[in-house]
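One chain, subunit A, appears in both complexes that follow, with subunit B as partner in the first and subunit C in the second.
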Partner chain A sequence: MKGFAKRRLQWIAALVVATVVAALGYVRWAEELQRFTYLTGWLLFALMLVLTAYNTRKKLPFLPLGKSETWLEFHIYAGYFTAVLFLAHVRVRWPTGWFETVLFLLYVVVALSGIVGLILTRGLPKRLTAHGGEVLFERIPFVRRDLHEKSEALALQSATTQKTPIIAEFYARHLGDYFARHRHFFHHLLEIRSPLNALLNKLTDLKRFLNTDERAVAEQLSDLVRQKDGLDYQRALQLTLRLWLFVHIPATYSLMLWSLAHIILVYGFSGGTR
Partner chain B sequence: MKDQLPTPDFDRSQYERPNQNWVCGWACEGKSCRVGPSASGACRATFECRPVLEKKPGEEKGRWRCTRPTEHGGPCATGPAPSGCCACAIPKCQPQRSLRNRRGQLCLAVIAATVAFLLIGFFGPWRWQFISPGPVSANHHGVAFGSTQHTRRGSEGCAACHLAGAGDVRTWVHLAFTAQPGPLEPHRLHQVTVGEMSGIDASCLRCHAEHKFHQPNVVRDHSCSACHREHQGAGRMPAPADAQCLSCHGSATEMAASAEKGKTLAASVFDYRKSEGRVLFQTPRPATGYSAVFHSFATDHPEFQIHQQKLRETNTLRFNHQLHLGDNFTKLNGQKLACADCHQPDVAGAYFQPIAFNKHCASCHSLQFDAHNPELQLPHGNPAGVRAFLHSLPTQYADLARRRGTTETNAVAAFVGTQIRRLRDLAFTGENLERQVFLAADPTKPLATAAGPSTPGRARFAGCAYCHEVKSTGADALPLVTKPIIPDRWLPRGNFHHAKHAISACTHCHDMARSRDTAEIMLPTKQTCVQCHSPAGGVSQSCSTCHSYHTGTRH
Partner chain C sequence: MDSPATLEKPQRWDSSFDPEQTPANVARLLATEPFSGMDPARFPKRTPLAGILQHDTRIRRFRNGEIIVREGDYGTSAFLILAGGARVVLRPSLPAAVLGRRTTQRKGFAEIIAQLWSNPRDPEVRKRAELAQDSRGRSRTGQDNAVRVFLQDLPRILDEHQTATMSAGDVFGEIAALSRTPRTATIFAVGDDTELLEMRWQGLRDLLRCDDRLRAHIDGIYRQRTLATHLREIPIFRQLKQEQLDQVMAQTQFTTYGDYDWSGDYKRLAKTGSVAPEKETVIAQEGDYPNGVILIRSGFARLSQKFGRGHRTLNYLGAGREFGLSEIAQNWRNKNATIPFQHTLRVVGYTHILTVPTAVMEEVVFPNLPPEMVAALGPAEPVPVAAPIAATAREARPDALDAGAKIGPELMEFLTEHRFFNGTATMVIDLERCTRCDDCVRACASTHGNNPRFLRSGPSSGNVMIANACMHCADPVCLIGCPTGAIHRGMAGGEVVINQATCIGCQLCANNCPYEAIRMVETRDESGAFRLDKDLRPIVKATKCDLCVEQVGGPACERACPHGALQRMDMNNLDAFANWLHR
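== the complex of A and B ==
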């Protein structure tokens, strides 16, 4: 952890230095340097190209391209720095044309999704660990099915061994659908416990009408409900950890294509103007 | 601390491969088959095992044995069918794309959509609106601009300035790669010097011919597009940045070269400014021209030439600001004279209306010469007219008598005779009266000896010379009254808007209370302006605040 904190300080220091240098460069050369906008544009494009290559780097783990951890740290802090370059490039001005507005918005989408992704990847794993019941994301359907089968077996067993089908009826009414699929995505994401508490309260209320054996079955069902809730929690958070990339990566590719077209347009129409 | 949930049990020998493109359709139900989908996403499920025929020595038929692996339940209870077929068929599924594969598919879709959108944008009928980086300034749009010979149909006027506006995407790409420096030469960008003429400047020069709108001793033409950034909005074009001006005026080399070039040019080529109906104060051009090196208005901008060279006004009108603004000087209504009584802003509010005798002076300075008949006033502005008026005094008095209501001829004649005799008692002769009218500079003193051969004595009224420079040109010749020329633009190389400075009192900049001589030019010094126009003052000190590069067209 000490190594991480030290590296983070180093990266932040590098980012601050780069930002200060860029800000001073903007003040000093923004007007004086004939092609300042071109220079910031090329720097920005080159940096975005390297940032985009991070996704490719992840797919080529066997190549000696440096540690993935270093790539990720560079991706994060260089990503922050692109915002500085971007502001310098657009001269802190809202674009007025359609093409440039789309390009501007694409950058904003990529940058914001990246920041959101960083916040998620920093925060959600801690919550997952604290909550417990960690399971591989790809294994979640199997665990859910296992819980479903166990709960269903308990309900069926109760129906056959007990005189009243009260637990089976309760299962059919309240728990069947609960175990059959993943539930309460946003509640888990927002740490809202009310759906679980409501279900457990219903089970608690039910116990007043149960005999000793049935109460034992109800206790087992309560345990299974808690496990299912934990599993849903794992799925909600782990899925969120994967879903932000569905915005960040496609928008990045679109941004790069749009940037290429921007370069062609700028050079084609400027004919050498600034 | 909250209790952690236990980790669910699952078979760790089952290694998940999330990077595979397809997963078994039953996996979503938590019960994937062990065969799994093919790489192309087809279900490969057949049977749970492939039975093996085992023959013991001596047996002819043998016996089929179930080969289902232990990790998948081991040999099944039913065993293979007599035909050797597995009895446990795996139900077919519809394989699903993995999450990673779906993300890849989304990426491809977004890339395809982006390319399609760009192609539609570039080849569609709205291509010019699509690629336009924004509306051009008011100077470059509208009916007048659209009708210029350079505008091409179908390009929304882009072709008026851009070569690429005359073609399609192929032309754009071609022009992009032939630009100097091109897109593959970003390392050459730093070699482009400030203000260097570029390709698009040639388009500017098609309408704005040549660069003859700055000082004639400019050493090199400055790029139009470096200063004038288009597509910044439909309003006025943004003002040029100081850096563009300082690329020359902040460079000692450029300024030295400019000064040298100026020495080779005739003085007349620098006199190209249009007066635009105003009287410009003529400042002599410095020996080295305006080639001082400076970097900002507040720091090292040269002092205004009027103060630097201690120039004095050449206007011959005698006017004492101190006297007129003094406490002892009041208007007819008893109020003190204020600046605005004479200096009234023009319609735009930038400058002031010219000073006119009838409008600004006559209310106090009446041109009466006969204290008994104050209504009778001399004409103003034409010495010949004054002489004619004096020569027709009997007629003038007769008219005056009629205006007063005397209609009887004898009474009028008597009135005229009385007035003429009285004037003769004072001035002795008509010539003397005329000399008093023209040459009397002080009504309290007799005319100077030099004013004429026989001094007519004290005039008792203010003659033309009270305010004007009057030169006696001979005994009978008409005196020469120098026409006063009052400049209304004192700093013709800079712009000033008085209305924008109305927040300050006039005397804050113009210290007129101590000005007694017309020749004194009471303009503020640069330091007075710097009090506000500086970083400390908080008001803009950019070059374009006061100056325009395009100082009128030179022909």
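== the complex of A and C ==
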């Protein structure tokens, strides 16, 4: 068995064992043991602390804290296990009261955003690589500006040399805005090619009204449209690969703070339960 | 129709070693030993003796204590002492700091923790302590604007280190120049009037071709100092008794193919897109009689096989690899069913090889090998010459070819054409796993004072990208010619590092690097202000990936990748690369 598959199997085996142990514990002690909820609560909080610490590890690459890859693998599978502990902790019941509902919802947001992030990070890199024409994310605005200037120059040049405004008018109506900003984010994300095809079809339709020189200009514009489409594709996917963390990380910190408040409240109002 | 563009064909001496070399100097050299004893009639018309002295040599003058060659440096020229003297430091070697290098030390626990708050806000800050030079070696700029390094306190150095004297007529540096290996000792000038003739390797090679005496002299030195050690490193020769090894050594031939300046050529060819196997010099041709086992001593060679109308790369062989052994072994065991070379071996850049003739292998080496080693040389039954590669290659050369087959021909061509096999710590990124999160770049910046030392971009083939980061090359052309020895191999791991204290910002290393992995940066002081020289120009230093030699745990970029997409790989170990690809 090869590296990735072998490791995945090992982590899954560990997760299954931990889940079975937790489930057996729940069945055996959930009703009998008064402290069971405290136990699952503390285990859950401790595990969430370790999971949150992954972001801190990323910020301290010079400390000998092990490979980030191992941390992420633990983060994923321990993250799945928190769901088991969470269900055991809430005793598979819907929370009561607004405080606990918020806590519950925060957990759901963190868990779901993590799962979505995992799906995105496994799928989008393959699509980016297969599509080709990759540009560093930080360079994308510069490349877009360059394409915008080139296309605008072509349209203006056509207006002055051909003495007919047909391409310039087409540019102003259909292409100016297309090159001026990034477009069709969701289309690219969902791999829908209709906006590009529509634009290229319009350019093809236009050609019947153009002379040979103008057709050459239209051809060059079509080429720039394709390049811009490729750039927008890169931006949409690379941005998505970054954006999900903007949900996952703030939600995680909110969850940790809310959990801390939850612990304080539990101990503050436990009324001598020991 | 447009007339085809024409270009003047480059000539051997388009670029002289010293454009100011005068005819008077040449006449003087022709009257000096060993040139006076050479027969000009034996030199070809295109490369006459006087022409070699005119274009491939230069006269250099050194002052007392000035370092001529540094131990560990790579150089492409040899020296003949014309006047004065020099001393070679035998043992112990001079400390690294005296030679302009730094001794790399891993950071202690406190220093590691201190990085939490001590990283400067401004880019490229160099702390005063970082720029402190060792007082025992000082660089000065001479009248010719060349930077020269002098040893200070010579009497103490002579007291503490055993040295040997060399005088007029002595030659040194020839083995390092011819075999592209590091200099084995430091040599410095004695007296203020030391005059040396520096011969670049092309001229030295031509002199060797046409003068038996010089060839015999260098041949003798090579056999005596280098050959035995090298042969002993190869398992089949390690088994031999001393007298048998002496027989092998006596018959072994050594040859250098290609051009040491391959990096410059490669840069030019890459720009024009004309890097192609067909243009490389052939060392051994598929289908030819195997007249000897070829051992790669330094440089690289491409192993290819005919495929359709072209050749496809199966592997590339670096130092320590052999070619033709399995064919010769098979012929020795099957006298009636001999086979020719199964593959072609071509020079990539330059290749220094040793050839052990077939007769020596059959008479001295094979009969004295233990049976298990003979069995390991390949199948006892004859292998059909025209068998498809999958059959011949795998059976005959399992080690060399399986990895190539796993990697695939497209990727092999990509690696070879870009000369990536040179890397011992090449940054390889699996684009299908890389999420473009830039954690690797941030980790690199955090461990280098907030300055990333690589770019997460570079040429790619399929899902493999080779990032623009120093590869810590097996043949580090960036090391050639550094005037102060600032760029050097680390003492422990052999990684290529730059001493910021002795780097003078001359850009030679950055210009030499074929992969453009070295960047010149304007440095700042602790307050964030630019460090300026006396002409108020910013002080520029060369920077590059140092493989996190000072950090604990290895390269931060690799450890920081959450998806296992980035790996620093020795591209000479294709098995490891193939396993990583199919992990």
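Everything below uses one rule, namely that the second predicted complex is superposed on the first by the 269 of 274 C-alpha atoms of A that agree within 3 Å, B and C clash if a C-alpha of one lies under 4 Å from a C-alpha of the other, contacts with A are read in each partner's own complex, and residues count from 1 in each chain.
We adopt the following convention: a contact is a pair of C-beta atoms (placed from the backbone, for glycine too) under 8 Å apart; a residue touches a chain by one contact, two chains touch by 3 or more.
Just so it is clear, the model here is predicted, and its values are computed rather than measured.
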| item | value |
| --- | --- |
| Subunit B versus subunit C as contact partner of A:L265, first or second or both or neither | first |
| Contacts of A:L60 with subunit B and subunit C, given as first, second, both or neither | second |
| Touched partner set for A:E169, first subunit B, second subunit C, both or neither | neither |
| A:P95 touches, of subunit B and subunit C: first, second, both or neither? | first |
| Per-residue touch tally on subunit A - higher for subunit B or for subunit C | B |
| Touched partner set for A:R242, first subunit B, second subunit C, both or neither | both |
| First, second, both or neither for A:F137, with subunit B first and subunit C second | both |
| Overlap of subunit C and subunit B interfaces on subunit A (superposed complexes) | 134, 136-137, 242 |
| Residue ranges of subunit C touching subunit A (in the complex, touch as defined) | 107, 112-113, 115-116, 431-437, 439, 442-443, 446-447, 456-457, 460, 462-463, 551-553, 556, 558-565, 582-583 |
| Parts of subunit A lying in touch with subunit C, wherever the complex brings them together | 2-4, 58-64, 66-69, 71-72, 121, 124-126, 128-129, 134, 136-137, 238, 241-242 |
| Of subunit B, residues touching subunit A in the complex | 2-8, 10, 16, 18, 23, 27-32, 99, 102-103, 106-107, 109-111, 113-115, 118, 121-122, 129-135, 158, 162-165, 171-177, 179-180, 182-183, 186, 189-190, 192-196, 198-201, 203, 223, 225-226, 229, 231-233, 241-244, 246-247 |
| List of subunit A residues in touch with subunit B within their complex | 31-35, 38-39, 42, 95-100, 130-139, 141-148, 226-227, 230-231, 242, 245-246, 249-251, 253-254, 257-258, 261, 263-274 |
